[in-house]
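Multiple structures are listed underneath, in structure tokens.
Consider the two complexes below, in which chain A is the common component and chain B and chain C are the respective partners.
Now for the complex of A and B:
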């Protein structure tokens, strides 16, 4: 097997990992503080990509501003959804949050399908990143390397925010013990909206990053989200470091597995999930039992 | 200072507290004694606003706490030390101290906390999970003092502590009391209760059956121990 092909596969794996990491990071933060498994995360990712597409088509705003504007716009939508809908299911059986966010997914996906059809829309690679670099015999698109680097930088920034700021301290405390945190004088509910909007913004950001390399299509998030859930389970529900580490790890492993047989790619993810659930039900980095 | 009147609490159909009334004067340390399941922890949770299925009046410094959320009660001056000490494993010792907001002039600055609890200063960068039981108890009390709580609810702080640590805890509580702190202590350890508290309420089957002074506890120790099942 030649080294060029292997390294292409490894980088492709890391690109997948970059998306898993951003998505599962948002899922983990939302689950930690709200106790809600956000099934709509894949739809939000798709909305992020469409936001970038529409910004370009309708207003002529390009990739770089979209990287900021699309997540902001989607986060605003998240604030409304949290205030109007999600708030009603806190403290209830997790099934309700599950049904609500799954319903939202179907609603959002079909609304986009009605408007844009099932076909994907193209989105140009930003010209600054349209070159490719040589990996031995084969070339590799610079944009994909940018996605890896950008995702790592974002994850590091989020890590800093969570581990080194007062805001992050409150998020960690509320994740570990919500009731006690309230009893110690912290208005956890005030933070909940912000945390949800932030998690949603990360998914939308992943969507913008995906736009130039994947088709911008209404169902683009539906398969990815299933894999992302597997990543979150492997990393450990509610664990922030776990989400990121498992994201990149699984992305790389699955792609390298595909070197033997392309069919192995998804099998590896779910086999790994099954093993982790058997051996360490709380996940590789999880402290509390997944519910 | 802290006044509870006609407190009734339920868990679904089961009634856990029946018409419980008691009060603490400023600077007093009062215990709730009783066997497991008597309703001691439920009483503290009701006062803190963590148990919702309740009726009755709870006042702190003449302010009615009814209808206030737990975080508002904390800001009104209630400190809370749950039965497992409530130390965050994912926060450092110092973050554990700094998490609650400062609520008024009685709060202890961090350097005062560290002078009073040198071991916490030594371990301030360690995660909460790395502390021993005694250190966790010290941290939980220090956290309430740092916050500036006027009245602190402590749920069985001696549970699981070695005798030498129970002594340290006694000194800590007496020190806090000298400082003017009001404390409501849930306790099964009668000797400890006598050593630190002014008065005792005996709780049985969700009712306050007796108010006892230290002399009464001492003279009826055997009978009480039998009742507590220890």
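Now for the complex of A and C:
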């Protein structure tokens, strides 16, 4: 097995992992504070990519400003959705939040399909990052390395926010011991809208990062969300570090496994999930059985 | 069986018999089989408290198996459907075994993921499934009768669907079904009473998978075609949507939901290629507005009217 190919696969895996990590991080934070598993997370990722695409097409705003503006815009949409819809299912069985956001997913995806068609739209790689570097014998696009680095930096920033700030303390407490946090008199609900918007923004950011690599298309997030669910089941949703670590780990493992059989890259993720369910049903980093 | 149940049974059979006369036969067949599919989802969701978001695995697994059996060995369709049921149950056993290790929302995610895994496998295993082309030209065979036309096939498949519905009804109203409901309501208590709750849940999962497999088998043979659509995650989603729309925990609600969703999609198909805008909005409205679903809400409305009239 030649080393160049292996390292390309490893980096490809880390790129996938970068997306898993950003998405599952947002899912975990939202679930922790709202008690809702956001099925629409994949659709939000798609909206982030479309926001970047539209900014470029309609207003001429490029990749770097879009990296900030697109998540902000989508997060604003998230605020409206939280206030109007999600708010009504708090405290109910989490299945209702799941169904509600599934309905939202269908609605958003098909609305975008009506407007933009099923075909993917290309998005240019920012010129500063369009070169490629040599990995031994083969070249590797700089942009992909940037995605890995940026995602790691982002996750580290979120980690810092959560470990070192007052808001972070609330989120951490609510994610790990929701009922107890409320019982101690901490007003978790005050932070609900902000936390939802933040989780949404992370998914939209992942979408912007994906735009130059993958075609911007209405269904681009529909398979990713299912893979992300598998990552979340493997990592355990009760832990924020776990969500990120599991994301990168699974991305890398699946890609390395694909060296052996390329067709099975995605299947490997689900096989890993099966193994984890057998050996450690609560997830690698999950301490308790959450329902 | 109470008188009300008998009345509903009669009404259901009349509707089922009349359906291909009222609608075009392909749509009637679709409604009939999706109704059975949705009932299998409700068996698990409404009575076992388990939301399977991966029932496409059994609908599609059964569909592929039945299509391949009917095509390769030229089997009569009831036998091919039997093979489809067996295949669906064989898939449901390991998936269910793993899925019931988690509960609630996690179980939904796990089943969704495993069904998607099956989708990828079917997509890659072209030698068996034909990949994107699917299994085409599946014959509809029944010795002594010609069931090639969809309308004829509808009436030939109807008894099998009724058997499937009857099995679901019997499961729910058996001692097994009552234990299942008690597990749904309070698993720890059922366990404390000495019931092996995991085994009960697994059996329910496999039975539900088998019924979904029957529906999927007849669907694939009826369309002469098994494709990746059968296994797609939106197929699982639609079945859940129909169940919730009709009312979970009512068993027959899913059939009502199936009829409504399919009629709606059929009338929308000439207007738009993206029915998700409408079905998605309906699901949102159901979750926010009337969570019990249409069947129970209609029942309440009828009772209310009756009460008003009696009161004068």
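The working rule: the second predicted complex is superposed on the first by the 282 of 291 C-alpha atoms of A that agree within 3 Å, B and C clash if a C-alpha of one lies under 4 Å from a C-alpha of the other, contacts with A are read in each partner's own complex, and residues count from 1 in each chain.
FYI, a residue touches a chain if its C-beta (ideal position, glycine included) is under 8 Å from a C-beta of that chain, and two chains touch if they have at least 3 such contacts.
Computed from a predicted structure; not experimentally measured.
Trainee: After the superposition on A, what does A:284 contact: first (chain B), second (chain C), both or neither?
Mentor: neither
Trainee: In the overlay, answer first, second, both or neither for which of chain B and chain C A:188 touches.
Mentor: first
Trainee: Could you look at A:30 and tell me whether it touches chain B, chain C, both or neither (first, second, both, neither)?
Mentor: neither
Trainee: Which holds for A:47: it touches chain B only (first), chain C only (second), both, or neither?
Mentor: Neither partner.
Trainee: Specify the partner with more touching residues on chain A, choosing between chain B and chain C.
Mentor: In the superposed model, C touches more residues of chain A.
Trainee: In the superposed arrangement, which partner chain does A:173 touch: chain B (first), chain C (second), both, or neither?
Mentor: first
Trainee: Of all residues in chain A, which touch chain B in the complex?
Mentor: Against chain B, the touching part of chain A is residues 166, 169-170, 172-173, 175-177, 179-188, 287.
Trainee: Can you list the residues on chain C that touch chain A in the complex?
Mentor: 51, 98-99, 101-106, 108-110, 112-114, 116-117, 120-121, 124, 233-234, 237, 240-241, 244, 272-277, 279-284, 287-288, 291
Trainee: In the complex, go through chain B and note every residue touching chain A.
Mentor: Residues in contact with chain A: 48-50, 69-71, 73-75, 80, 82, 86, 88-91, 95, 98-101, 103, 143, 147.
Trainee: Give every residue of chain A touching chain C within the complex, in rising order.
Mentor: Touching chain C: residues 37, 85, 88-89, 92-96, 98-100, 102-111, 113-114, 222-223, 226-227, 229-230, 232-233, 263-264, 266-267, 270-271, 273-274, 277-278, 281, 289-291 of chain A.
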